[in-house]
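As structure tokens, here come the structures.
The same chain A turns up in both complexes below, where it pairs with chain B and then with chain C.
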Partner chain A sequence: MTSQTKPSGQFKILYFASATSFTNKSEEYLDAPLNSRELFDVLDQMYPGMKASVLDSSAVTRNLEYLDLEDDDPTIFQAGDEVAIIPPVSSG
Partner chain B sequence: MEGDSGHISSGKPPSCVTEDGIQVSLTHELLDASQILSSVKSPSAGAIVLFAGTTRDTFQSKPVKQLQYTAYVPRALATLLDIARVVKQKHSLVAISMTHRLGVVPIGEESILIAVSAPHRQAAWRAGEEALELCKENAEIWKLEEFHGEEGVWRANRDGQQGAKVEKLS
Partner chain C sequence: MDQTIRNLREQISLCERQLHALKVQLNNAEERAILEAQAKPEMSFDLSGGGQDAWQMEILGVLGHESPRKNAWPLMPQEYKRYGRQLILPEIGLNGQLRLKNTSVLIVGVGGLGCPAAAYLAGAGVGTIGLVDGDIVEESNLHRQTLHTTEKVGMSKVDSATFYLKSLNPTIKYVSHRTHLNPQNAPDIFRHYDLVLDCTDNPASRYLISDLCVLLGKTLVSASALRMEGQLLILNYPPRAPGDSSGGPCYRCVFPKPPPAETVVTCGEGGVLGPVVGVMGVLQALEAIKVIVDDSHLLSSQSETPSLLLFSAYGTPPFRSIRLRSRRPRCACCSEQPSVSLASLSSGSLDYQLFCGIANPANILNPRERVSPREYAKTLVTTRSVLDRGLPKDHVLIDVRERVQFDLCSIEGSINIPFSQINAPVRSNPSTREQSVASSSSPSTNPDQNAMEVDGKVSEGQRNELVMPWVHFIHKAALEKPIYVVCRFGNDSQVTVKKFKEAGLDLSGRRWVGDIKNGLRGWRTHVDKDFPEY
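Up next, the complex of A and B:
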């Protein structure tokens, strides 16, 4: 499912802050295509407990645009996409 | 948000976006208050407000060793640009500059500078405050507070609460 090196047929996922701490990674590649509604479950299987402790309070972007994961019209992540997990922010 | 900073690849080091009367940047360097002041100066502006946020040595009375900031650079620059545009237009500013430091910020140094210039002071005060609040709420930047003899903690601005404990500081 995951690979650190082979991006073909895969999309990149970026982790920040608590997501980095939980996965111990800043990025990795996941198989495309993937329905955005399945993303959190896929990650929770890879990193048990991540959904409750990180993902449920995080937003998601695809190619720098925020997604509404509850939207009736889900996004399909394609090979080459850059997806990011955005935990609650804390600048200043 | 048009994502119009998408030309800045995420692999590039922290950088700067400018447009008419607007400058937003992310940097690992020391922040320079005189540079940001000059960037908003104008003969048509009678007021400049500068906000400097510095790192504090305690959180809920616990001594903080140091703070570390990380960002989703292209996304955060797009958000800062969006905030600058909105605030500049709403308060009829002459100029606005926002810069945030990344990496380790030792206690007492600036982590954020916001400068705004306007014809009159009321607009400048309000715009500076609003830009800061919007930044804290939305910019894709994260603060890790490291305490003496303890694990680091990712802070969340949203609820003002202490974030999740970090098991590994890699």
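Up next, the complex of A and C:
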């Protein structure tokens, strides 16, 4: 499912802030195609507890565009896409 | 000798209090002087350094300047000099400078973001700068909060910043709000300003500030930073009434759900690098200037796409700009049917602390599972002389802080198993995870010699059994000895004790497993005052 090095047939997922701490990674590759509605469940399976701790309050983007996974029509992440998990950072 | 030291300390403290009072008086006097100077637009042309010759009067008469004592130019003479380098930029020009001069900006939070933001806005000649902060300057602020200096430790952050800013630019007005923002006091503070900068450090104030900016029609420049990352948002730009879809999105549109309180990490807990938070504060000042000098949004409803700028010091690329949506149709604040209103703020029916949740200090162990730092110290005294290869003979002390903190300072004989590893989810594919355990028995030696690598692989069959590598390690290291757990403040240690017991490390009750109350902070307070505070 995951790979650090083989982008072929996969999409890239970037982790920011608490998503980095939770996964211990700043990025990895996941198998494409993937329905956007399944993203959180796939990640929660890989990193148990991530959905409630991180994902539910995070912004999600594809190719630098904001996505609303709940309200948007489902979309398919394709090979070569860059998806990002962006939790809010509140300190400063 | 003690008496001499005590006397000197008292004298110094008295002088410091007097000095502080004098500085406050000076600040107030200067504020009044600036206001009076602005009220009287009298400024002389210094053409010759002396009296006015007849020919000069004649020329000025031809130029239409009736009196040489009346300033005929839109800016004061010294302002052309002070702002000359930005005045000649086409993006600023005279109009931009006048807009800056006629704008009031509220900076909420005078810390790592607010300090650089305030310095650049004061330098640029923003007419009025309001500062909100209820904190005092601490030593741990100085590596990043660039307006505060060592001798200001203990002073209110607002006073310390104002002191610096007045010396940077004495020609503009500063307003002090020495308070923490809350839903009751915030509306009256915000009303007097045109633009707001969110330089705070917690989710509750981020939602409060954003809501108020929407309700009062202010554009908000919001930034944040933690560890090596930062985020920047320009919100409610253009500022429009709730329900007007041509207005810019608010904080709730981008992050409708606050993160769970127990996952929120402060700079004190997670750390932050000065230049990382500094770059975000500087960007806030830049965006604020852009918003102030460009009022094109007032003319047309077309504005550029709102964006979220991400900065990651080690990222490639270090900056990413995310295109945001316009206002969220079901936003609780800026949509057609908002649940947030000024009335709900002032009545207190909108509880931001409740909305964001409160991370209570953990209190999950019973008293028998906890010892005070002093009690542990007594245990240690009896065993210190019998350290066996660096470890206490009759018990095991496990320090669950992250490795980098453990390397800073630790109790002699303790073993490090970072909380992130104890708390790590059992992975379906753990092949890349490395687990390491370190002992502090001989801090002078190469830590690698003490690092005991533990195989992090969890076989397919073990996947659901929650068998973590540290369990095997502790079984091996502790045999049947009691296990003490310590962390920085006494929260993670409690969670760890629970986890240890769930993993069967209490040997069905035969072995004592418990933690040290208040962690290493308590250790410093009650046992070893020389233990470093960081």
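We take it that the second predicted complex is superposed on the first by the 88 of 92 C-alpha atoms of A that agree within 3 Å, B and C clash if a C-alpha of one lies under 4 Å from a C-alpha of the other, contacts with A are read in each partner's own complex, and residues count from 1 in each chain.
By definition in this document, contacts are C-beta pairs under 8 Å (C-beta built on N, C-alpha and C of every residue); 3 or more make two chains touch, one makes a residue touch a chain.
Just so you know, these numbers come straight off a predicted model, no measurement behind them.
Annotation for chain A, partner touching more residues between chain B and chain C: C. Legend: residue contacts after superposition of the two complexes on their common chain; A:Gln45 is shown touching chain C, with no touch to chain B. Look at A:Asn35: by the touch rule set out above, it reaches neither chain B nor chain C. In the superposition on chain A, contact of A:Asp56 is made with chain C only, not with chain B.
In the superposition on chain A, A:Ile86 contacts both chain B and chain C.
Comparing the two interfaces of chain A, the one with chain B and the one with chain C have residues 16-18, 21, 24, 53-54, 57, 61, 64-66, 84, 86-92 in common. Those residues of chain B that touch chain A in the shared complex are 1, 3, 5-6, 10, 53, 69-72, 74-76, 78, 100, 111-112, 132, 135-144, 154-159, 163-164, 166-168, 170.
Chain A meets chain C in the complex at residues 1-2, 4, 16-18, 21, 24, 26, 45-50, 52-54, 56-57, 59, 61, 64-66, 68, 71, 84, 86-92. Remark: chain A residues 14, 16-18, 20-21, 24, 53-54, 57, 61, 63-66, 82, 84, 86-92 touch chain B in the complex.
Residues of chain C that touch chain A in their complex: 109, 111-113, 199-203, 206, 223-226, 229-231, 254-255, 257-260, 263-267, 270, 272, 277, 280-281, 308, 310, 312, 314-315, 320-325, 328-330, 420, 424-429, 432-433.
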